[in-house]
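Across the two complexes that follow, chain A remains constant while its partner is chain B and subsequently chain C.
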Partner chain A sequence: MQLRKTSKSYEKTLDRYGWLFISIAVILLIVFMFYPIVYSLILSTMSSKGIVQKFVGFGNYTRLVKDEMFLKALKNTFAFLIIQVPIMLLLALVLAAILNDKTIKFRGLFRTGIFLPAVTSLVAYTILFKMMFSADGFINAGLMRLNIIKQPIPWLMDPFWAKVTVIIAMTWRWTGYNMVFYLSGLQSVPDELYEAAEIDGASKIQQFFHITIPMLKPIIVFTTIMSTIGTLQLFDEPMNLSQGGVTGATTGPGNSLLTLSVYIYNLCFKYMPNFGYAATIAYVIVFIVAILTFIQFKVAGDKE
Partner chain B sequence: MKKIRISRILIYLFLIVMFIISVFPFYWMIVGMTNSPVDVIKGKMTFGNHLLNNAKILFSQYDVKRIFFNSIKISVLTVIGSLAISSMAAYGFEFYPSKVREKTYAVILLSMMVPFAALMIPLFRLIVKLKLLNTHAGLILTSLASVFIIFFFRQSFKSFPKEIIQAARVDGAGEFKIFTSIVVPSMKSTYAAAAIYSFMTSWNAYLWPLIILQTDKQKQ
Partner chain C sequence: MNEAKARYTKDNPKVEIEIVDMAKADLEQKLHTMLASGVKDGLPDIVLIEDYNAQKYLKSYPGAFADLTGKIDHSKFANYKVGLMTVNGKVYGVPFDSGVSGFFYRKDLLEQAGYKPEDLNNITWDKFIEIGKNVKKATGKAMLGFGLDDGGLMRIMLQSAGQWYFDKNGNVNIANNEALKEAVKTYKAIVDADIIKKTSGWNEWVAAFNKGDTASVVTGVWIIGSIKAEATQSGKWAVAPTPRLNVSGSVNASNLGGSSWYVLEGTKGKDIAIDFLNKIYASDNDFYQKILVERGAMGSYLPAATGDAYSKEDEFFGGQKVFTDLSNWMKNIPSVDFGLYTYEADAAIMANMPDVYSGKITVEDALKKAEEQLKNQIGK
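Now for the complex of A and B:
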């Protein structure tokens, strides 16, 4: 009886320690994360011009449909998502499959080299790319010297090519990063599987589609979701690759690089601040992320 | 046999091209450091002798010392704080199991899905209200508790044998003592990995510092 009593109070003490250990983090998360998330949902039902605020209910959401800037930002963001993410992930997957092959020489060197871009700071690399892709920059000079093109390509001056530049830049920065996820996933795939396939006469390409991809499925889903969330929040690259940077009149030629996050930034800090409307667009991103994540899990057939 | 050899060559060719594309900008940057602006635009690919001159311009036009000092100060303080707070939280979640805390953890993990853009605006207003706009404290304070780092620590703590903690308790060690003198020293590699991640995130941060440090003096 005595023992049970002490063990019960002991458990209580332990429970108190449990709360004590997590308290600082939980308080910080409530103040700097949960409170803003909820507050921004409330904000999204209000319209504010400067300090004046009034409740508009779903007014902000209906306003979205008619807002051409928003539709443009949405279209741009999806263009990046639909074109860049598949190219990058496929490239990363192929590279990982090749570099997992033990018969390839200089594997370490290739891995390190291809991963190298992932350690650069986003601002530093975009500024470097802006220089390389400028009208009289290195890329145009090189392509002209190799006789691939006759006239310099207006990389950052033309709406279409500006998008291409951002896609090239992002693929350069993030392919190696994703490759490392796949490589670590392939560590747990037994070599015997490939050897057995080899004996059965499966070609390398068949092995890629029937062993590598199925075995990496959970990691492919993970990287797809991470890249989707990252691309929907795309900010650093379009901002820094556009002519005027943060203070420029448009983001990219004809606003061709205007993404949802850039538009939110503009609405808050560049135009007459309308926090309510900006919060609405932020929640549009939340909804899109939730829907796309759900679809990706469904497509992958993951029961969890 | 011949077919295999050709595909081998193609694979190596592909790898070499990818390697060059990945590494070339680094080379270009280093070469650019030693050349004059005119040569850089001309596309000069070899090392020049303008390194000292370029450095002189850099140090005379920008307060490099301050830029570096500020970045390092913010990053280091963020790393130390977030490692201490997040690892402690992960320890609490993992070694003091309770249903309520488990639910709290689930909610915290779920919040990882919410993009930063959604909390940016209220967070900015909060910082203004707390009079932390244009201060390093505001920037550091908001990045101290990182959900990803809590998650990362908890995953690693899962492999830490619970018997050791029980044994330490029997020997009369206090709960905080167990954490600071048994768990922390034996998880050094986890702390190192988390420190690298945290430092990179803080060092590369752009949008949030851009918003809350609005005067150049703080930004640099």
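Now for the complex of A and C:
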């Protein structure tokens, strides 16, 4: 390389070609990423009725604090986040640890079976769940036949049970997806560690807590962040599981399934179209995601 | 609409009309994004908008819809329909289907409980609940399929009293609204009386009466298509006037839903679009007869009510002249201003209903809470 000194102009040409090649990507990025980000920030300072806009500065942000519908959506979203994400991730981790055991028969079959829900369409599976969990649906009928319950459970008609249904549905849909991450992570954990532990007399449970979890930490952090973001943007499940979906009066009984994303949708398309206020809430989600991700990195204690 | 197209293109062979069917939510999504962006290319010349949303569109997108005052004879349409498409004295739409409501019931089941059709004329909701209890005792069937968080019935009750969630000036009118208070109390009474089959969503609700699990349904005329879908129940149904609320001014006529045509301003086909609506939807009596028979779509074009199809006896309803009755009730529907925030108000009230059902809060407190919530939400 040192033998052939490249001339300045040649480098310049190379540069120009370089810019040319990335220009398409950059322009697309600017038009479809940066412009909307900046524009929605500007939009969040406006209050609008359709195209009738007026500048309110931080008005939308102060309005949030008093808007009970927003607070309800925030509460619901966090309820899903705090309850559903840990259950799902723990379950995924346990399943991954079990299915990583080479002595288990039909390992591939189980792995595929548990991952399969992740390839179904969000709308299709929620509609199936809605049918299964309806008052005289499959789940109630089954539980009553088994004499586990006497009265049908009002799955989608009671604020509490509606949340439970969504949590069950989401866990079914996403556990396998996260399990695959853990499984792939486990492939890089050397078997010698487990062998050594076994020789030292560590039980399976001790191995799980002292080898599996520490070794998978980066992946656990990754899945936690992804699930957090996913839950904060939760939309399809509550929308499709609630009565009437888009056209229903409330999202779930007593707005128990109203999430931030659903509220944004409602503000744009169902209620008086206030795109400014909707943009404000979108930014609130961004802030929350940023803060939570920061905390998760800190708690995980990764220096890098 | 296909029928209207065929009729119009017969006289105007040069005009091409393309009809696009869309689900309500999809259409609204598209309309809002298009209108907000100001791009007119993707927009149709004519659009069908639900009446509850009319004012919202007209006021959110000033200049987007064509002023039809004087171009269409609005006096030929049901009065309440014209009111909801008027902004600052200008009328922007052509009224289309009516949501005139009725008390559709299973004659056979109510007879078992000892009720004759004349007992069901012009009743109150209290009487309705009493009937429901007796029906349940006699037949074991629920009286109504009922979505606990569905506000449709409440809107029927409200409009029957000439009231809405807002007063004439568009201010929130919830906490001190006697009709609304009575409506919420009636909701609770219906639930407490244990005369309902709880349903979630449209499909379950329709299935409840199609399967014969419920003895009646109180809703808009557009339900007839779904009722008739179950052919084995032919001859067993009948319709009576909508029950009224126990407040002064409430009548036995109301409305749920319904929609109207609007022409978009600034599109190429605007003038043709207006002409099309005028020739068919605002003049063609035969057209309304035909769509009634074939589609069960009941227009709010008043001269149509005297046509053959409207005065025909309907075998499915045991020979009752269903549409004559409904047309008569349609004339009595109190006109109310739906305002801009019907769905926000609906949500605010229904969000508090679970606590009302369980008795955790009183009706008065629930309405106070809903009013507070709504005011904060819409920023008033």
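One rule holds for everything that comes next: the second predicted complex is superposed on the first by the 297 of 304 C-alpha atoms of A that agree within 3 Å, B and C clash if a C-alpha of one lies under 4 Å from a C-alpha of the other, contacts with A are read in each partner's own complex, and residues count from 1 in each chain.
Here, contacts are C-beta pairs under 8 Å (C-beta built on N, C-alpha and C of every residue); 3 or more make two chains touch, one makes a residue touch a chain.
For clarity, every value in this text was computed on a predicted model and none was experimentally measured.
Check the residue A:Ser40 against both partner chains and state whether it touches chain B (first), chain C (second), both, or neither.
So A:Ser40 only meets chain B here.
Answer with first, second, both or neither: which of chain B and chain C does A:Gly252 touch in the superposed model?
It touches chain C, and chain B stays clear.
After the superposition on A, what does A:Leu156 contact: first (chain B), second (chain C), both or neither?
Only chain C is touched by A:Leu156; chain B is not.
May I ask you to decide whether A:Lys270 touches chain B, chain C, both, or neither, giving the answer as first, second, both or neither?
In the superposition, A:Lys270 contacts chain C only.
Touching A:Ala282 in the superposition: chain B (first), chain C (second), both, neither?
After superposing on A, A:Ala282 lies in contact with chain B but is clear of chain C.
After lining up the shared chain so the two structures overlap, which partner does A:Lys130 touch, if you call chain B first and chain C second: first, second, both or neither?
After superposing on A, A:Lys130 lies in contact with chain C but is clear of chain B.
Among the partners chain B and chain C, which is in contact with a greater number of residues of chain A?
Per-residue touch count on chain A favours B.
Of the residues on chain A, which ones does chain B touch that chain C also touches?
Dual-contact residues (chain A): 246, 268-269, 275.
Please output the residues of chain B touching chain A within their complex, sorted ascending.
Touch list, chain B to chain A: 7, 11-12, 14-15, 18-19, 21-23, 25-26, 28-29, 32, 40-43, 85-86, 88-89, 91-93, 95-96, 98, 101, 104, 108, 111, 113-126, 141-142, 144-145, 147, 150, 175, 179, 200, 203-204, 206-207, 210-211.
Can you tell me which positions in chain A touch chain B when the two form their complex?
Of all residues in chain A, those touching chain B are 14-15, 17-22, 24-26, 28-29, 31-37, 39-40, 43, 95, 98-99, 104, 109-110, 113-117, 119, 121-123, 125, 128-129, 131-132, 136-138, 141-142, 172, 176, 204, 229, 232-233, 235-236, 246, 260-261, 264-265, 268-269, 275, 278-279, 281-283, 285-286, 289-290, 293.
Touching chain A in the complex: which residues of chain C?
Answer in residue numbers: 24-25, 28-29, 32, 35-36, 38, 56-57, 59-62, 64, 147-152, 198-202, 204, 340-341, 343-344, 346-355, 372-373, 376-379.
Quick check on the complex: what are the chain A residues that touch chain C?
Per the touch definition, chain A meets chain C at residues 47, 49-52, 63, 66-70, 72, 130, 134-135, 154, 156-159, 243-250, 252-256, 266, 268-273, 275.
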